[in-house]
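Paired with subunit B in one complex and with subunit C in the other, subunit A is shared by the two complexes that follow.
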Partner chain A sequence: MFRPLRLAALAVFVLVVFLAVPLAIKAAGRTDFYYTLSSVALLAIASSGVWLMFHIGRINIGQGAFALMGGYVSAILVTSAGFSFWLSLPLAGLFCAAVSILIGLPILRLRGVYFAMVTLVLTEVARLLALALPITNGAKGITSIPAPGAIGAFGVTLVPAFDTFAERNLAFYYLSTIMMTLCFAALYRLVHSRIGKLFVAMQQNEELASSMGINVPAMRILAYAISSFLGGLAGAIFIAIAQSIYPSSFTVNDSVNFMLNCFVGGLGHVFGPMLGTLVLYFGWDLLFAIGQYQLLIYSGVMVLLMLVLPNGLLSIRLPSRRGARK
Partner chain B sequence: MEQVVANGLYLGAQYALIALGLTLIFALMNVLNFAHGQMYVLGGFVTYEIYGQLRWPFVVALFASAITLAVLGGLIERLLFRTVIRRSVREESTMLLAAGIAYFLDAVILLLFGEKQRGVPKIVPGVLRAGDIIMPYDRIVVGGLAVLFIVGFILMMQYTRPGRAMRALAQDRIAAQLMGVPVEFYSLLGFALGAMLAGLVGGLLVTITGVNSGIGGPISLKAFLMVMIGGAGVVGGAIAGGFILGMLESVGLTVLHAYGDITYLVIFAALLIFLAIRPNGLMGKPWG
Partner chain C sequence: MTSILKVNGLTKQFGGLVAVNDVSFDVQPNEILSVIGPNGAGKSTIFKLISSFLRPTRGEVLFQGERISGLAPHIVARKGVVRTFQETTIFKGLTARDSVIVAHHLRSRASLIGYYFETGLARRDEEAFGSSSDEILEFLGLGEVKNEIASNLPHGHLRALGIAIGLAANPQVLLLDEPFAGMNHEETRRAVELVRAVRERGVTVLLVEHDMAAVMKISDRIVVINFGSKIAEGAPAQIQKNDRVIEAYLGVEDQSIGL
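Right, the complex of A and B next:
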């Protein structure tokens, strides 16, 4: 019975993101917002991975590692191996997913703060690896990565090369937002599927879930792989926009921010990370005008937000429903 | 080789003290204090201002560091953590709060003390040469003080009334409350004590390595490492973790020096393997 409402919400979202925002930006002449909003979309994708880990009851502060890894995989494939960007994109995601399965086998046995701390360390490992490995070119990083080329099938150009766009960032804006929409749609579907129910069961009590016959180790590997896939995907597109990657492209701070995006948006809702990213990223950008007090006010507001709305922004309209559930 | 061990011991004593504060806060409140490194930096700057700038005695500066941080820690617990823990649905929410506080302290430190690397005059001049070991006297004094604080902390936890109450709290919060332990007061005290330890190490180490506003994050990361090695929420684990990391760092910097800057990479890799075998560290509780 909520179906029409949901469809309407989806239609409004699509119209706003793909029509109203580009038109408004064009009218206002603030083309720099294309870059800002692309960043928001990509960071929201990475944060959604973190959110999925929250959904199974794990605090993942290691998403920066996979964003960095995805970025490097894509960059190396494009510059050294001559792959097309479009092919490197899924490969970057799959590579991250594969690595996360390998790492996940031991570390997913950890819980609570142990898992949080290990994943935090992972981000640092990724940075040090990028510095030490020969293929990543150390601290100098990989620069002048070519922009995504054209996609064609049977002689028809489906997506023109990004260099042919008059406003290259507009192309990236569409790429990022389309990816974000797809990722969140997939995530929404996942969370509301049977697997999503299993995830909630694991969040509440892993032993109990296990005793019900849920294959808990396999499920949490699955969640971690999806989470890392999203991180790698976001990282790869980010690198394509920046056209360069360094070991410091994604750091511990980014990993913590991905987690904060989820908290601010609210852990109880799939779209929490999207809203959280938008609020935090724009908040940070707007406060830039204040200069040296930027970090002070930003963090002060964050602490206040936590005091007033400890369950995230999306919890504002939830009280009545939550009351009903309890 | 003796030199490497001596360095490791000295470093380990400092690290153990940092890890103790973190693990105490974790044990009492189930809060992972992201702001621990920033508290350390703040302690360092207080000592820098009083000992380095005002030229008051070092002991006074150290006291000031400890008291400043204890008051700050108490306020943070009373005004922020207690409220959020009460109101939030999921207890992970305290992590956002802790991260927010870390950023906030970073900003405050940057505004108050600037971004320059700061150092203070040596507290004791001279260098000890005994056999193959070369150790400046100030390092020995600082290392000795750290060990003294650690011993004092353990004695307090074992034999005093507040210590016993805090141990009870760490074991089982609800049971402790039912036995009439004023849980809220001891949470406050524990948080203040944990923050104080961070400030103390900051004050001690500023005399050797100096301090700058950017090292808070890396210090927190190291503290997490130590707690993971030893096991979260256990006093013995924190001390063991501190000494192990200090020793690894000292040995690693010597042995792996030829291969470039990979000491920490090796330590991380070893840690991942170690945690695969012992997920809760050396002495940790089964559930973090």
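Right, the complex of A and C next:
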């Protein structure tokens, strides 16, 4: 599994993300990029969940709902229940996974555009719930969420409290990119294990998969739970950076973007959503200079991309990947 | 001899339409039983009822004396009743070998978590699936094309791949859905050999088929369905002489079976 080329690619990735980029930002004095790139990393995590759903043959346009849910769970646990941010992080993910199991039981029977439509509605449902529930504090949202505290074990401080950093956003940059690396590594392993093969089998033909004894409904739920866990995790860290959350923190727009990130990066490769998020995030910002035509050109480019590169950007350098893999 | 599969008063209604009406028959261990009938007679519905892709309105299917109607399809497969599909139903994007490896699912001993962390058991599973897949593919004459993407394979190979996928699940009863449809004489002859060879492996074969010549050649017994009801059951020679069958089915297509 660890062929030299892959190890080299991993080393380059680690060096660039954890060393070269922070150094370059420091040299250029553009510390706002810490925040920008943290956002990219977190959006990539959420998109990777959507990608996993594509992998089992479901179009998920509801990831925004789980990002919002994860954000609220973390915010409420930290502000009201006095939990540490670090504990709230996995709890937010697990809460989202649990909710997705309940929602998934009925809706995962749907396929194609029907599943997509229901998930699209989920984001709006989550926003309205956040507006209506007493615990989420309605439209006023939850503000002044404290920054993550220190992690210590046996009297040794492993991670200092984020407030003690001179450049708080650098700490968040590292948190986001480390989480992104871990999530994608875990997802990579998942997709390349036998579970990934079962997922592909389901994507290609659910009837045939169940006729060979695969518990298709359970596997669908598993994929959806992992997807939602990733969404909740990303949302929780996002809210920690913003230190506030509102019902509009994640909207239908975000849900759609998570899906587009996967399309642009490529559905055939685990790292597609990572690349797609980077390209789309900066692509949108670059087009800002054009002003009123921003959305028009952005959408036009998206349509063109899907026509010319239906398998995403990562398909460019991989003309005979299937043959080469054996 | 006790039957391995028992179909008991099976009835399926779709709204006002009675697709299958009170059909009963037994399948003996290690026999090749064909279900035939004109288009729209309800053969495919019976097939789906047995593999539990549909729930019967009335009646039941017993496998080794145990009711399997109403169970989820993957549970029925787990018990040993595995269906194949017509050729268009394959894993298009997987290689032939990968398809068969995936189809070994029921033989996995490691858990999903075990597969994720590649425990020793999982690795032994993967090795066993690999060599078993190679054996099955070789057995069905797909050894040379096993690393081809399934959607690139020609018809005959796809049919064999469908059977390979079914065999990987280690079935006791294999349901074949029109294994000879759209084949020429030579292809049919080879496919008939394949199905016989499958039976030699100790698998009971139940097939739904249009190709009368092939059915007559291959079957130990035949069940004839017309308008959802069973009109005859017996050895090929008896069926060929049965007046009701000739009237309902063979009489119209006498050329095709050379009567």
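Here are some notes:
Quick note on the criterion: the second predicted complex is superposed on the first by the 318 of 326 C-alpha atoms of A that agree within 3 Å, B and C clash if a C-alpha of one lies under 4 Å from a C-alpha of the other, contacts with A are read in each partner's own complex, and residues count from 1 in each chain.
The definition used in the following text is that a contact is a pair of C-beta atoms (placed from the backbone, for glycine too) under 8 Å apart; a residue touches a chain by one contact, two chains touch by 3 or more.
Note that this is a predicted model, so its numbers are computed, not measured.
Superposition of the two structures on subunit A shows subunit C fitting alongside subunit B with no clash. Of the two partner chains, subunit C is the only one touched by A:Asn215; subunit B is not. Touched residues of subunit A, counted separately for subunit B and subunit C, are more numerous for B.
Using the contact criterion defined above for the overlaid structures, shared-chain residue A:Leu190 touches subunit C, although it does not reach subunit B.
Once the two structures are overlaid on chain A, subunit A sits at the apex of an angle of 70° toward subunit B and subunit C, using CA centres and rounding to a multiple of 10.
Contacts of A:Leu198 after superposition on the shared chain: subunit C is touched, whereas subunit B is not.
By the touch criterion defined above, A:Glu207 lies against subunit C but remains apart from subunit B after alignment on the C-alpha atoms of chain A. Once chain A of one complex is fitted onto chain A of the other, the partner contacts of A:Val113 are limited to subunit B, with no touch recorded for subunit C.
The superposed three-chain arrangement places the nearest Cα atoms of subunit B and subunit C 10 Å from each other.
Interface of subunit B with subunit A (complex): residues 26, 32, 34, 80, 83-84, 87-90, 92-93, 95-97, 99-104, 106-108, 110-111, 217, 221, 224-225, 227-228, 232, 260-262, 264-265, 268-269, 271-273, 275-276, 279-281, 284, 287-288. Interface residues of subunit A, counted against subunit C in their complex, comprise 189-190, 193-195, 197-198, 200-201, 204-205, 207-217, 222, 322, 326. Touching subunit A in their complex are the following residues of subunit C: 51, 53, 72-74, 77-78, 82-85, 89-95, 98-99, 101-103, 105-106, 108, 112, 115-116, 118, 122, 125-126, 147, 149, 165-166, 168-169. Per the touch definition, subunit A reaches subunit B in the complex via residues 54, 59, 103, 105-107, 109-114, 116-118, 120-121, 124-125, 128-129, 131-132, 252-253, 256, 259-260, 263-264, 267-268, 292-293, 295-296, 298-300, 302-303, 306-307, 310-311.
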